Structure formats: C-alpha cells, structure tokens
Amino acid sequence: MAELKLMKGNEALAEAAIRVGVDGYFGYPITPQTEIIEYLMTEQPEKRTGMVVLQAESEIAAISMVYGAASTGKKAMTSSSSPGISLKLEGISYMAGAELPGVIVNVVRGGPGLGTIQPSQADYFQSVKGGGHGDYKLYVLAPSSVQEMADFVEDAFDIAFKYRAPVLILSDGLIGQMMEKVYLKEQKPRMTDEEIIEKYGDWAVTGKKGRERNIITSLDLKSEKMEARVHRLMKKYAQMEKEDMRYEKTLCDDAEYLIVAYGSSARISQKAVELGRKKGIKVGLLRPITLFPYPKQPLFELADQVKGMLSVELNAGQMVEDVRLSVEHKVPVAHFGRTGGIIHTPEEILEALEQKIINNGSIRHYKTREPSIL
Amino acid sequence: MTEEIIIAGFGGQGVLSMGKILAYSGIMQDQEVSWMPSYGPEMRGGTANVIVILSDERISSPYLKAFDTAIILNQQSMDKFQETVKPGGVLLYDPNGITIHPTRTDIEIYQIEGNKLAIDMGNAKISNMIILGAFLKIKPIVKLDNVIEGLKKSLPERYHHLIPLNKEAITKGMAGLIPFKVTHKD
Amino acid sequence: MEVLDIIKPENQVFCKTKLMTGCSLSYCPGCGHGTAHNLTMEVIDEMGIVEDTIGVAPVGCSVLAYDFMNVDMTQAAHGRAPAVATAISRLWPEKYVFTYQGDGDLAAIGTAETIHACNRGENIVIIFVNNGIYGMTGGQMAPTTLEGMKSSTSPYGRDIETMGSPLKITELIANLPGVYYVTRQSVHTHKHVRKAKKAIRKAFENIKLRKGLSFVEIVSNCNSGWKMTPTESNIWMEENMFPYFPLGDIKVDGKLK
C-alpha cells in the first residue's frame, strides 16, 4: 500500500531514496537542496534499512564517495545545487568514463557564479551537453512534481544500472521546496552483499574471490583502447535514445501552437495552456521528461502540425536550441524565460506566446535570440 | 472547486505553517493541494509568503500571479499583494501594524485582529490559527474536522496536546471576523 | 646434484611476490614504488585477505598500480582516493580497504580528502609514497619538495618565501583523534624494507581492530625526477629527505610518540 503524505520535493526524494533501497547517500549542504541531507540525517535510515548517510567535506568528496560506492556495485547517490554540481562534474565525468552507475540530483538555483538561491533552469546546457570533460552524456530526468521527485529516484537507479552510467535528476528550487501530495511506495529491501556479488561480480570491485580481479578505471593510455571505450559509451547513449526517451503531451491533438517546457516551467506552462484555451487559442504542451535523450522525433512530427513553438525555460535560452535542432527549421521557434530566480507567471507565458509566435508573422527562428530576454 | 491563496507576512508569524495546515486539511478531504513558499534569507526576519492551492482537479502551476484570496499579515505584504487579488476575490488582513489600509473596491475585504486576540488568549504564537479561522468563516473550503485531522497529521505527536488550543483559536477567529469598508480612495 | 634437485620449496629463500601480476612495472629503474607495491601485496597475501581486499589507486606515477597489484582495485580522481575508500569501507565494513597515493595526490590536490578521511577515523589504510616531486608529469614541485630543491616548476630551487615550506602532512594528520597509527618508513635498503613491511602489516591488522585510520608514509626516491642515478638518489634521500622527514613511528595504538 502506498502511503499518502504532504511533503516538500526534496523530502519526498530523500524518503524515496530510503524506500527504494539506496545503499549510500553522500552530500554537502547547499540551498535549495539541503532538506535532502537534513531529512536523511533525521530519519536515520541506517536503522531502517542499513543505508549509509554521510556529510562529506566537499561536493568533490561527496561525488568521489559515490564513485567509490558505485565501484563496488552499491546503489549510491548525491545531491547538490548548481555551484555544487560544477564541483561534482569531475567525479561525474570519471563515473561516465569508468562506466559506473549512480544518481546525482541537481536542485537548480540561478547562476552563473554564486548566483541566487531562487529557482532556475540555467543548468540545462551543463546537464545535457556534457558539463564535465570528455565525450560523455548523462541520462537526465526532469521531475515536474513532488510525486516525480519521489518516483524518479527508482527510475534513475534502474537506468543507471541498466547502462552502468551516471544518471542526473534535474530539479530546481521550485520543485524542491514546494509541498504536494505524494504517494510513497512501500519499503524495498536493500540488496545484500551476496546478491551484489552475484549480480555485479563480473565488473564490481568487491574483493577477488573465485574470479580474476576486477578493475574500475577511466584511464586508457592506448588511444585505440580509449577510442573503443568512447565508442562503447556512444552505443549506450544510442540505446538510451531508442529505448528510454520519455516525454508527455498535453492538448497537442488539435494544437496550432506548441509550448515546450520541462520541470517547473512545464507546470507553469500548463496553466498558460489552460488560460490560452480559455481565450480560444489552440495551444498544447510538450514536456520532455528526459532531457537526454531528448524527444526529437515527437517535436519533429509536431512541427508539421503547429504554426510555431515557444520554448519556456527559467533561463536565458538553452533548451530552445534543442527544440530548433529537433524541428529542423520547419517552424519558427522562440524562447521565453525569466532568469535570476524570477519565476515566470502563466500570464507572462501566454503573453509571450502571443507576441513572439502568434502575432509575429515575420518571425524567423534564428532572429529571436536577442529579444528573448527583456 | 479551486481556491488559490497567498499568505504573506513576517517570518515567524506562522505564515508557512498556516499554509501547511490548510494544505493538510485539503488532503484530509481528498483534494489536490500545493504549497509553494518563498524561501531563503528573506524568511529570516524579512517577509515570508506561501502560495497554497486547493483543488478538486489536478493542479497545474503551483506559482501564480493572481489569487482568489490574499491573507496579509504585514504592511510590506499589503503593498506587494493587494493588487494580486482577482476582482471579486477576498483580502483578509490583520490590522496590527498596518498603517496604509487597502483601497480596492472590487474585492471583499475583511480584518481579523489575529495578533491582539492571540495575546488575549495568552499565546501570541496562535495568531495564525485565529486568522485561519477567520478565513474559514469567509470561505468554508475545508471543514473544521478536517483542519483538526490535518493538524494531527502535520504536528509531531509531542505537540498534539496543543490541538484543543488550536481549535479554540480557530473558533475565536471565526467569531472575530470584521468586514472592512473602503471609505476613501486616493 | 642436478639444478632441479635444488629447486624445492624448502630451499627457496626468495620468490616473486604472488600477488603481483607479473606485468612489467612502468616505474623507472631504481624507483621505490616497485618495492612498496611488493610489500603491500606480500602483506595481503600473508594475511590471507586477498578475497576481502579492495584497493584504490591514485593519479600520479602509481595511477597504474592496478596493473601490477593483483587485487580488486578502483582508480580515483586526482587526490580523491580517501573519499573513494571512505564509501567503500562504510558500505563494506568487513573489507580491507586501502589507498596507495603519492605526495602530489595526497598532500596537495587531495589535502581536504586526506585530512577529513583521517579526521573521521575511516577504518582504512593509507599508503603514502613521498618522493618530494611530481614524477608522472615530469618532475614538478610537490608539496613535499624540500627547500632549495630544484624541479621544473622551481628551477632555481624551492623558495620558502614564495612557495611555502615542504608540507609535513604526516605529522599534521597524526594529531587527529581519528588516526590510530602513523609511521614513516623507507624502502631503500633491505633493513628498511623489513621495517616497512612490518609497518604495513600492522596497518592492515589494525583494520580488524576498527580503531581508526592507519597511515604509512614511505619516503622514497625519484632518481629520474631528481636527475640522479638510483644510488645517488638514495644517498641524497638519506642526507636531505630523512632530516626533514625523519623515519620512525609517529603515533602507535592511538598515542603520539
């Protein structure tokens, strides 16, 4: 039986981590995600499931701990907010290179620099275009409700272990701090050491017993071997695109205009769609749930149907580039978004749709970059 | 039914917890709820506000610009949020510390002496429940029983002995509601 | 008597370390790393704990330690080995977890990870090979480079005024309550090798006691980086390194010496 609770997004994610049987959480305080480690420390999951929770000396140490835990086949995760994620990128790149499963949560705040603690989606590029060094990609899940903050923990670990790759849950201050109803799934047992050895013994470093030694490394000094490793990674990403891309469509069947938005912006855009429909504007919403793999094909197909698209993001225009790449110049695409921690209102979004797309007969998508920010 | 509410005041006035109790009460009667706070340093001594939505349907945006009801507990919030009340909507405020009273004539305005009544009750911290009572008098969107259930859910066990006091405060608030008439407009 | 008659276990006085892979070492001839590797593997073999041992390799000359040490190993980002080992040890408390790190890795870029793993008293072994130079990248100044010592990034000698003093990280971490055993050894003569092995053995045995972290520094040479012959480098080490980094136990059974 699922348990109904009123929780903050951050708390729901932390509770879900305990319930899906995560082995280790390693974190460092930073607003607006500190509730995650506070909740875990208060809950004492070591008494509930044996889960280890540790406050690390830095973001770098925390992700390195995830790297260590993942090297042994354990389910490990860390969370942070934007400036902290910049620090973690070292470890994330190493995990991608060493093909280690693990989950990283970014409750995004405004940047660059120390920025603001208010909500933002300005880490889109960092999340989907690499971020860390080298040829790698992160599987990126973007929750847009407290329920998804909880549910995506399990989804993220499933993907992480399916592909032996790090997975990012890209949330933001709005989803992390807000409270909603959440149905929490029943406690799942953590895997025993024996089960881990049995299941991941072909690669995990758990002690050389009854087999040749295992090595976890991202280093290949021979170029041919390194290239083979990169090709192996690319194959995984191609498979992710084929099998694990996720998105959600709202009122798209008869849509003449499309809003594309993820996470908190998708929630606010949904209201804008409602307001638009009340005004007689046939507008729909496509919400990418995975930001990599990106729903390129659905957008490409919708481009034959709609007259224009508006990418709504809490940033100065990042995902809009992927929308444009997806529609291949078939329709005009504009961006609307507030930055600095200001959250756009549904009214503002609708107004932007009217101004930038509906009433802008001469719109050419490559000209819209400049006026996208006031 | 959908009710979109903003509650705003100083940090420490119980703004966030009033919203939380309201949200819990909604859950008790099977509604969808969202609670979206302002967060960060502005909470410490500065203004705090929370947007609470209760609805029979799935809630789209938890962040809004226009509200059915604004519950205002200090002057800064009055200045900031008076204009966000939808025409025909409700503005409920505690006149304690308010020097510039509301001026809109297209909305319903009410006062509740939350702070004063709480001090009379011997517990200044209970003012938010008095104000909640006043709100429920205007808009009985949640039943008192469900508020009590919500309190039980949201309060740790060790505070459950305070529930009768909270109930009393809500009743006081319901009785203490005063309609406010805008007499002049600048 | 035929040669084959002599090759019998009872006559054997020396053999290849069982837990070394046999892969030819990437270290320069004369370098102390090979001996330190051998000792670590001999201890693990003699204690019979190979099935429960997990090693963490650093970045630096010993980044490829996993090519030579025939145990399960993971390779950490530069300086992060103590954090990596922390998580492994916390999640597999019965395992023998060790890091093998150089001076740049442990005492410069990984200072925070080192100090905090020590301070938390993680139940792990840190083997710290200190040769006063960045060997892998070709002889740059390390945190432990001695005053006046020349390197490619201190070509006129380490100037204390602008570059700071050589860091005695071992003395520093010995003061932390979480650290149970701290010793400084070397591996350049057979006498020192025997003592170093005893120290490594004690460190690994301490894991069973769960009293905190064991830290074995091995002051070593870098004949390539120091631009000397191996013999010269060992003499130079005795004359210059040892006075600044004196050999011996610093903390035993949780008590400072």
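Letters are used for the chains, namely A, B and C, taken in the order the chains are written, and counting of residues starts over at 1 for each.
The working rule: contacts are C-beta pairs under 8 Å (C-beta built on N, C-alpha and C of every residue); 3 or more make two chains touch, one makes a residue touch a chain.
All values derive from a computational prediction rather than experimental measurement.
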Given the contact rule stated at the top, which pair of chains has the most C-beta pairs in contact? A-C
Looking at CA centres, what chain is most distant from chain C? B
Chain A and chain C: spacing of chain centres that average the CA atoms, whole Å: 40
Take the average of all CA coordinates in chain A, do the same for chain B, and state the distance between these two points in whole angstrom. 34
Averaging only over C-alpha atoms, locate the centres of chain B and chain C and give their separation in whole Å. 64
Tell me, which parts of chain A touch chain B in their complex? 4, 6, 31-32, 117-118, 173-174, 177-181, 264, 267-274, 343, 345-348
Hey, which residues of chain A end up touching chain C in the complex? 23-24, 26, 52, 54, 56-58, 60-62, 64-69, 71-72, 74, 76, 90-91, 94, 98, 193, 205-209, 213-219
For the complex, give me every residue of chain B touching chain A. 20, 23-24, 27, 32-37, 39-41, 59-66, 153-154
Touching chain A in the complex: which residues of chain C? 50-54, 56-57, 63-64, 66, 70-77, 80, 83-88, 90-92, 95, 112-113, 115-116
